[in-house]
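Each of the next two complexes has subunit A plus one more chain, namely subunit B in the first and subunit C in the second.
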Partner chain A sequence: MLAIELIAQGLIQGSIYALVALGLTLVYGLLRILHVAHAALFTLGGYVGVLVCNASGNLPLGFFCAALVSGLGGVVMFRLAYQPLLNQPPYVALIASIGLFIASEEAFRIIFGAQGMSFNTPSLEQQFSIGGLQFKLAELLVMLSTAAIIGVLAFLQSRTRVGIACQATVSDPQMAQSFGISLRQVRDINFFVGSALAGFAGVWVALLNNLVEPTMGSVPSYKALAIIVLGGLGSVPGTLTAALLLGVIEAFGTIYLGGILDRNAIAFAFLIAVLMVRPQGLFARS
Partner chain B sequence: MKSRRPHFSLLTVAAATVAFSACPAWAQLKLGFNVPLTGFAAADGKSSLEGAKLAVEQANAKGGVAGQKIELVVYDDQATPKEAVPSATKMVEKDQVVAAVSGSYSGSTRAAAVIFQRAQVPYVVAYAIHPDITLAGDYMFRVSAMGEVQGRGGAKLVQNLGKKKVVLVTLKNDFGQALAAGFKEAAPKLGINIINEYEYGMPDRQFGPLVSKIKSDNPDVIYASGYFFTAGPLVSQLRAAGVTAPIIGQEGYDSDKFIEIAGPASEGTYVTTSLDRDSDAPATKAFLADYRKATGSGADMVAAASFTATSVAIEGLKKSGGKGGAALRDAIAAGSYDMPIGKLEFNDLHEVKKDIQVQIVKDKAFRRHSIISDQVLLAPPTKAK
Partner chain C sequence: MNYEISLLTTMAIAVMFALSLNLITGFCGQISLGHATFQGVGAYTAAMLGKAGWPFLATLPVAMVLAGLLGVIVGLASLRVRADFLAITTMGVGFLFVGIVRQQEFLGGELGISSIPDHGLGRLGFMALALVMCVGVAALSMYIKRSWMGRVFNGIAEDEDTMRVLGIDVPRYKLAAFAMGTALAGMSGAFYTYHLNFIGAESFGFVESITVLSMVVFGGIGSVPGVIIAAALLSVLPAWFQVIGDYKLLVYGGLLFLMMRFSPSGMAGLAMRLSTTKLLPKEGRS
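Up next, the complex of A and B:
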């Protein structure tokens, strides 16, 4: 019984990791940039969600605005910070990204205060019992919405012109361009979608904890990096599997390894173990 | 238009010159203050700074010390030793403070303590609870109960509530570990059975797996250390999973923000702390009212402890006639203080012996539950041990 409960909790946490890491893997697949500042957009989403929800009392509107603002924030970050650095070695963009992340954390603190913010009337608090396991409605909806979003994205990517253009750009940018695909547009769309997912995840975390803080992105910032490396850099199915697997492993690790290994170190112990056996990650792209 | 600019800047320079030249006329006594204004502990830092500022304002309004105004020299230490060391060095070397106050956590305060001790600058610590701080030397003072003492108080509360089976949830830092050590020391003597202990890290906010395990442990009571930003999510997640055992927290929970984050789940949570909001003591009532007037929000333990530590340093300065060093050290050590967090006297290790206030969350506010005043159990360490 405890094992099932731990798996369920692991999947809830894994869903959040998946939403954050997906955006990161999209960016890496396209531009080969390790986009640490992605976690700042996750925090931004949390703040926008709480602010909009508190002002309007409408949670779906909060989610929508959070995804929209974070998505646009991602495009702005790309245009201002990464685009001018695309011809530089990859570590230049990485350094810019880390700087951007630290600056954003402090900006959140200055603008919204150090104390963090909570929902005036927390939603989705209702409790459900499924097969003897007790869940908060929010916990169930995190998993369901993640699954739905990923399904929709997979459909868009394989069945629509824009999705196919994105895939073509990832595998061969020059060839894609010569077929008339606008690189700029594809990059903007990628940043928008990836960042919107992070913003969406930010609202979920805000709901689950009833708290958004300036530093709420600090753990996802490096854990999402571990996840995309685990999943084989740039692979979407790999990232998903790695995120869910890590969630479950962490759930068990917190209880049974808690005395030896910090919860946040488990991701890296797992990463090292996997890379020793499969240096290309769990699902490397061919 | 052009010709007006030079006039304007000349006027500014002139005004600035007058302002600066006027400064030396008011001699100022500098009181150092290290506090986390950025980083993870910034929320506590803000409360702490407000408490210290209030103490200085009140003292200055009453004429300062020996005809001199007190100036609070504030350094942001981010609650980390690497920032606390240069801050303490600057206070000693550059600002030449007569005394200093810590409005920060144990990690940074321990690092700064050594520097102030070496420079023989009295250092009054508000709410950092690590035992090593007062062991740094005789220029160190602490106005709140040490972590171990608070942990023992927590065990006593479990006994008072008539509970036996406890699960410990411990925050992995100086604060959490000192509390757990005190609790574990007292538990066997009080007939308390610790059935499990779990640890968590400062960045953790999602406790799903931990909550599932605690639920299967089925304890009578949960003793969980943490700060409001970890405790809020923890308490709310425990209640959402259907865990109904009482939860005991400590000073770190002591903020209205805890109640805001945990919402209705916070009701009934016990907190062992040093601020009694329902106190009849004039010093406490006056502080609570003055703090609300000055900041527009309710005081928490951190604000009350920082106000107290700053006031103790100022009282000492009044007695030493504004002199620092050994004169100030002896003046502070000999004093007896009527403060918002109780009546304080220092022992030979410069620790205070005081009761522990148990507050309970009731109707969205901290209210008095009981007071633990076991002289033997709550005795702070002395030089002898």
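Up next, the complex of A and C:
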């Protein structure tokens, strides 16, 4: 029974990881940038969600605004910060991204205060019992909406012209360009979608903890990096599997190894062990 | 006067630490996001031995050997994974270190180790020794940079595969870079312990690894004078920034971002550009 409960908890955490890491992997696949500041857009989404929801009392509107603002924020970030650095060695963009992340964490603290914010009327708190396990409604919806979003994205990516253009650009940018695909548009779309997902995840975390705080992005910032590396850098199915797997492993690890290692250490011990056996990650692209 | 002595010692330790990373990342091109771990190993070694009654100077070599040993192990990992994968692996090593130390009672756990015995050199003597070691590390760096080994390091940083084709034993040189860099980080850790009289796992976490990497990148990756100046400046920045107090990290992150955005080769590159602007006639510039 404990095992099933741990798996369920792991999958809930894993869904959040998946939403955040998906955007990161889209960016990596396209630009080969480790985009640490992605987590700042996650925090931004959380704040926008709480603010809009408190002002309007409408949760779906909060989700929508959070995704929209984070998505646009991502495009702005790409245009201002990354686009001029694309021809530099990769560590340049990485350090720039870290600087951006540190500065924006501080900006959140200065603007919204260090103690964080909560929903005026917490929603989706109802308890459910499925097969003897207790769930909050929010926890169930996180998993369902993650699955739905991933399904829709997979459909869009394989069945629409824009999706196929994105895929083509990832596998061979020059060839894609010579077939008339606008690199600029593809990059904008990728940043928008990836960042919108992060914003969306931010609202879910805000709902689950009923709290948004300036530092809420710091764990996702490096955990998501670990996940995309585990998944084989740039591989979408790999990222999803790695996110869920890591969620479950952390859930088990904190119970059985909690005395020796903390949560982060368990995640990274697993990462290092996998990389030593499979240096290209679990699901590498050829 | 005491304040200035303390500040200079802090500076000297930071410069030592940054130069040690410069050997690995600057010379040999192996990005490390977990370099604070090795400073931590040195610091904890010195603290444990010091508490057991060892004199300060005797703890130094042991701290270096232990940090260097762990460095070789991580170096072995660098033979297996490359570039972005290596960056994330080293980051993982950092989290693993903090996670393990925090859960061990005999290492002080969450509370850290305090009341470390006096080094018996006097404040001035300690500062002088730190400065001498600092100059020593700088001289060693300059020497290595000009030696055959330095040229091989540079070759590995530029294009590892070509070096292999040329018949260079790349793994051996990579391990040498890791061994030297991490042992020197261990030495800076021992100084750190005796300077502050207190250490905790958090003092060697992800943020510190990023800080030291920023020093290297800020100064100009691979440039010894650039890294010295950057480390000296950035290490005392928090003390000078008391004026702006609350906005410290905002400024720090912002500076990091702006430097990468507008001068990715750091201060060394900036200085180079300014001097060539003056020396060369206008049409001579590209």
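Definition applied: the second predicted complex is superposed on the first by the 286 of 286 C-alpha atoms of A that agree within 3 Å, B and C clash if a C-alpha of one lies under 4 Å from a C-alpha of the other, contacts with A are read in each partner's own complex, and residues count from 1 in each chain.
Keep in mind that, in the parts below, a residue touches a chain if its C-beta (ideal position, glycine included) is under 8 Å from a C-beta of that chain, and two chains touch if they have at least 3 such contacts.
Keep in mind it's a predicted model, so treat the numbers as computed, not measured.
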Touched partner set for A:N54, first subunit B, second subunit C, both or neither: neither
Partner chain in contact with A:E106 - subunit B first, subunit C second, else both or neither: both
Touched partner set for A:I272, first subunit B, second subunit C, both or neither: second
Subunit B versus subunit C as contact partner of A:L211, first or second or both or neither: first
Which of subunit B and subunit C A:Q177 touches, first, second, both or neither: neither
Touching partner for A:L85 - first (subunit B), second (subunit C), both, neither: second
Subunit B versus subunit C as contact partner of A:G259, first or second or both or neither: both
Touched partner set for A:G281, first subunit B, second subunit C, both or neither: second
Residues of subunit A at both interfaces, subunit B in one complex, subunit C in the other: 106, 259, 262-264
Footprint of subunit C on subunit A - complex, ascending: 32, 34, 81, 84-85, 88-96, 98-107, 110, 222, 225-226, 229, 233, 259-269, 271-272, 275-276, 279-281
Subunit B to subunit A touching residues, read off their complex: 37-40, 42-43, 45-46, 172, 198-201, 203-206, 208-213, 215-216, 229, 232-233, 236-237, 240-242, 257, 260-263
Residue numbers on subunit A that touch subunit B, as the complex places them: 1-2, 5-6, 9-10, 12-13, 16, 106, 109, 113-116, 118, 122, 125, 127, 134, 136, 139, 205, 208-211, 213-216, 218-219, 250-252, 254-255, 258-259, 262-264
Residues on subunit C engaged by subunit A in the complex (per definition of touch): 25, 31, 77, 80-85, 87-89, 91-93, 95-96, 98-100, 102-103, 206, 210, 213-214, 217, 221, 246-247, 249-250, 252-261, 264
